[in-house]
Amino acid sequence: MSSLAHLLPLTVLLPITAGVLAPALFHRRGLACWWWALAAAILTFATTVTLWRQLQSGSTISYPLGGWPPPYGIELVFDGLAALMLVLCALSVLILLAARRYVEATVPSSRQSLFYALILINLGGMNGFVAAADLFNLFVFMEIFSISAYALVALARGPVAALAALKYLLVGAVSSLLVLLAVALLHAQTGSLNMSDVAGLLAQAEAPGASALALGCLVVGFLVKAAIFPLHFWLPDAHASAPSPVSALLSGLVVKMGIVGLVRTRILFAEAEIVPLLMLDNLLVWLGVIAILAGAVLAMVQRELKLMLAYSTVANMGYIALGIGLATPSAVSGALAHTVYHATIKTGLFLTAGSILLCTGLSRVDDLRGLGQRMPLTSGALVLGLLAATGIPPTAGFVGKWQIALGALQAGQAWVIGVILAGALLTLGWAIRVINSLFFRPPARARVITANEAPVSMLVPSVLLAVLAVSAGLGGAILLGLVEPLALAIVGADHDH
Amino acid sequence: MITELFDLRPVAAPLISALCAFGIMLLGHHAGWRIALSLAASVVKFAVVLSMLPGALEGNVYRFSAGEILPGLEFAFRVDALGLFFGLVSSTLWVLTTIYAIAYMRGSHSLRRFFGFFALCVSTTQAIAFAENLLTLFIFYELLTICTYPLVIHSGTLEARRAGRRYLIYTLSGGAAILAGMVMVYQATGSLSLSTPGLLHAGIDERALLTMFVLLIGGFGVKAALMPLHAWLPTAMVAPTPVSALLHAVAVVKAGSFGLMRVIYNIFGVELLDTLGYHQVLAAIAAITIIVASLVALRQDVLKRRLAWSTISQLSYIVLAACLLAPLAALAAVIHIANQAFAKITLFFVAGAIEKTTGKKRISELDGIGKTMPWTMAAFTVASLSFMGVPLLAGFITKWYLSVGALAAGAPVYVGVMMASAILNAAYWLPILYRAWVKPPESPNPPRREAENLLLWPTLACAAYVIVLGLGAQAPAMPFALAQSAVAFAFGLEVVSP
Amino acid sequence: MIAVPLPSLLPLLVVLLPLLGAVLLGVFGHQRRWLAPLALGTSGLTFGLVLVLVSTVRQGFQPEIALMQLAPPMRIVLGVDALGALFALTIAALFPLALAYALKSLADDAHLKRFLALVLAAQGLMLGVAFADNLLTLLAFYELFSLISYPLIVHDRTPKALAAGLKYIVYIIVGGVFILTGIIVVYALAGDLAFVPGGLLSADVARTPALLAWVCLMVGFGVKAALMPLHGWVADAHPAAPPPFSAILSGVMVAAGSFGILRVLFEIFGAQLLGQLGVMPWLATIAGISAVLAGALAIGEDEFKRRLAYSTISQMAYVALAIALLSELALVGALVHISHHAFIKAGLFFCAGLIVAVTGFKKVSEFDGLARRMPATAVMLTLLALAMIGVPPLSGFLSKWLLGVGLIEAGGLLPLGVLVIGTLLAAAYLWPVIFRIWLPREDVKRAESAWARQPTLMLIALAATAVLTVVLGLAATLPGGPLELARLAAAQLIGADG
């Protein structure tokens, strides 16, 4: 174990510690707290990058906490999914960057430090969740990022936000309970909590019924977290009513944790032949298909920009679920790539929507007519992001769709391609409405006419993410190469024949 | 013998237009910059594309790869004979259209946007021409759709927005079909390269092959305005004239036809298609399109709409010719890319010049316009006669090879289609000429009011090109030999210089 | 550049010179004093060059020049053989006369310049038809001059002229389409389109396509040659066009159709193949019926120009009949008749134009006593009418004699009977004219009207045709004259395969 491996726990501890300290250190000093949070996030990012380079040169990094070897001790691993951690940190930095102006304008100064603290804790929780190698810690970190997320939603003012936060909290709590139940069941079955250990032991488990129940609980729990249709109902309200940086965080990153959970679950049960994984796959395919169509259609009937984006998240989570459910190397690697790409795209979109909301105070698409003339860069970024979301080649959204379609063919389910394309076209349906409003119609609201371009600190993340969203697809081969080992691990068991 | 050379020019050509677009977006507030950039870029690009011609005629193929974007799929450009031919047509016309557009659009709103996207469209068209594989082609095909959209709805009126929406629905659905077909091709062969005369082989499940054919042809058929996928084209004519001219006579629709040719010659290949026999159905559809669109064109009174329907009809010539799977007919398909482009753009230029100068849009208002705008109408006459297939003009060459090819392919019925189309063309062009030249104008002695020079000269240049193309092998920049080597490659023939 | 011997350039020069004249007229023609020298100068110079060509042909040299590739591998080739030289001679002699006539008869017309330029252009294109050395070249020039004739027919812009023009253009376009189809079939069968004495198509060619090509080509050229039942446009177009152009129409344009038929029958199909196909009796039957029927219809026409038009149909039918018999002697007769008829009929139309110009009379029933008002015209009219009927020693007699000899040698009594009946009919429809102008009925007072001034230039043109009629009749063996050329041509066309 190289000395660099000590950095692994740092990715979790650093943001959480910084977050816990923030309210104490910077009460009512929002700006200073912002600098603090930003610094912490950048440091975390730097740590991840270092780890990443280590991973590139060697094998998986694992770190037994306290020096206890697994399966008895607690272990953190930095494996294929860690690419995601890199994205988490990078996007968090950008979200923080954009958040300053927004927070100054909308959050009371007494609560500003709390806001930044929660974001940092959320980041730490997610990092931990990705890196956790044992089931219990998986649950613990899940709770950390979930609870900080509830609180962040609740930070927005207004009755809608409160209700949304409450809904989010209740649903989240139920899902957490389900996961906890599953953890308990698995522990009872195998006597271990370390995931690789459990995976091996499950094959000899005595009560397959209990294992199956655990699987069911885990799946439902993570499906809720990933907001896969029809368990998405909490998402649109929560994401739309939260402060925009929080929406970006939730829609871009937090929901992806559900996918991470699903992937972990699948690996966990890959070797246990008693459990019908095929059923899980089929379930994911069907849910994915429904989610794609329903999400896109629901997005189409929305009037508010952020609600559209939220429903688009539902649809995109459907793509990811579909990809994993198809269980061929191409499809799964596509799903994983889409996880990363969608995080980038959706974060950018919500940040841009936040800029618009902040600068004009308008949220309905019809009210935003003619904004392209007053805020060309912001509007342009939004358009680019929307194009990427529809998956027009060579944007980031295209790679996942391509790979999943390819996987569908490999799995002998060619009809899925039709769904994928229909979803893309439906997405375009509402995206065009937004684009038309912004650029090709005369202004209808005075506030549009008087609006000015967003401040630089918001503009930079928006434009950067938009450019990334449009051009990142060109690097598809690289990203797919990175996630390929993981994809093979996920499908490994049933792909041998 | 084909030699592959690594070269920067295949990527430089689209890049020049893209950079020009970028420059216009940045500096386009000033008319001077806009004009200077557009003109300079179009001329430079034309020079770059043209500089590849001598090498291409010697059998060189230029290639540039930017690396893989998806596993096994490169983002690469490759200039072969067919691509270069299309590239030459589009870059030549860009120069002319730019000049025309500068004059035509003077005084319009959002010119920065207009010229920026205009340049982007040309850039993507060029990239489509030079794409090495279907994925690269598809990427730019979709980008083309997106870039054209702002141009179609430039005026921002309700009508324009409706047309724009319809345009998007059609073309993007087509794009989706292409994507699906492309996935299947990739799955079946592990490649999407367009550098072979036939990527697919007979070993593949026939149902899958049929699905691929339907998806790919259906997808590209939208932009190629193959019936029944044509409905977007006539409505999209609300766009400003230079846009309809370049994009709907050249870039967009030709990208569709070009894609179809790529599918037929490079994805399926002549041999495979011949054994499968799908081409016969497609040929029949194309033939029906030719006739029906002409019949509809007969009834149009708005000049641009008649032009649009004529475009639909003419585009199917390319499809029909490509589907006959005979070398001579294939020659017609390749050459018609240029023939139709120059003749149709002349007509659009004239329609625009008339509208700009006199405000007249309808054919029924054109009585005696030949007296007021003789040069403009002379150009119109040349182009419309070309469509009728008068010898020594470009359209005749197409008709000739297509018919001869149809006979060679053992499908004499298409000779009949050609002839019927010639008569129909005469039936809808001659009345316009009759009104313009023979009918007396409303006022007895109207003053001569020619279109302004910047509108007139590109029009005349295009009309002159129609004649030059009609004289066969002599057309500079669009040589017959290039078309021949494209056909020879697709059919695996030795190139024989006539 | 390959050195081209000067005589080879001659055909090209002959074709280009009138076209150049047309352009010059377009540029300088707004000054009226330039009109006459330009028009007559180029036309006369062309005539001179044609004479030089005729002399080279007589010496057994056949100049030929291959120009650009029209549709590779097919080139535009201009060459001169005896047949072409004969036709060119007729054209080149008739056009200066028509131009001179037009200079006076249309002197008050605001669009004289346009008329003259178009006539000159038509002359160049028609000479191109005469010199075409392959079917594609022939088609190119043929179509172009057919189209350019349209503005000449509708020159007056009267409703009647416009209606006639519409009829003409519809016939011509449909005919053109048939020709194109036929040519394409020929190309598919033979892989070439060159005119080969004795027939391009080999004797063992597939029967059905060969038959199809024959039908298409006959229908196509038959439209122009006014073969019944394709003659519908003739009787309308002739009266509608200005008199000088009616002369051209009837004299050489209709003959161009016969010329096309000749080329196709003897140099594409060849006598042997035609014999195998067994189609010529059909053509002969149609021609025979056509000759008699048109003659009968002419009797019923009161309008002089219409009567003459039907006469043209009838006379051209003799030619077709003679051609259909595939005998050398009959062919000589046919060729001579084409040439002689051209001058006679042109002269008759000149008369008709003069009568209208001086008196305004269009109908034969109004001609009573015309001789007193216009004695010179009346004399010439009589002379020409007699020649038309075939009274010795005028040119009409000579050609009919030759025809008769050929017909009886090849086909026996039935064709000769047709000729005789046709001649009787000609007498029946022309004699009343002569009768009326010299011997008016008593009750017509107009007959006493005074001698009227007649435009000199028009009279000179008319006189020239009359003189030609006499000279050609008396001195038929003139070196380089129609008879000698016709014999040469017939020997080349039929003699080649015995």
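Note that the chains take the letters A, B and C in the order they are written out, and that residue 1 is the start of every chain.
Please note the rule applied: a contact is a pair of C-beta atoms (placed from the backbone, for glycine too) under 8 Å apart; a residue touches a chain by one contact, two chains touch by 3 or more.
Note that the coordinates shown come from a computational prediction; the quantities given were computed from them, not determined experimentally.
If each chain is drawn as a node and touching chains are joined, the picture is a simple open line. Greatest centre-to-centre distance from chain C is found for A, with centres as Cα means.
Averaging Cα coordinates per chain places chain A and chain C 87 Å apart.
In this assembly, the C-alpha centroid of chain B lies 43 Å from the C-alpha centroid of chain C. Along chain B, no residue makes contact with two or more other chains. On chain B, the positions that touch chain A within their shared complex are 66-71, 73, 75, 135, 138-139, 142-143, 146, 150, 153, 156, 161, 164-165, 168, 172-173, 175-177, 179-180, 183-184, 186-187, 211. For chain A in complex with chain B, the residues that touch the partner chain are 387, 392-394, 399, 401-403, 405-406, 408-410, 414, 417-418, 421-422, 424-425, 428, 432, 436, 439-442, 473-477, 480-481. The residues of chain B lying in touch with chain C in their complex are 385, 388-392, 396-397, 399-401, 403-404, 407-408, 412, 415-416, 419, 422-423, 426, 430, 437-438, 440, 471-474, 480, 484, 498.
The touching residues of chain C, when paired with chain B in their complex, are 68-73, 136, 139-140, 143-144, 147, 151, 154, 157, 162, 165, 169, 173-174, 176-178, 180-181, 184-185, 187-188.
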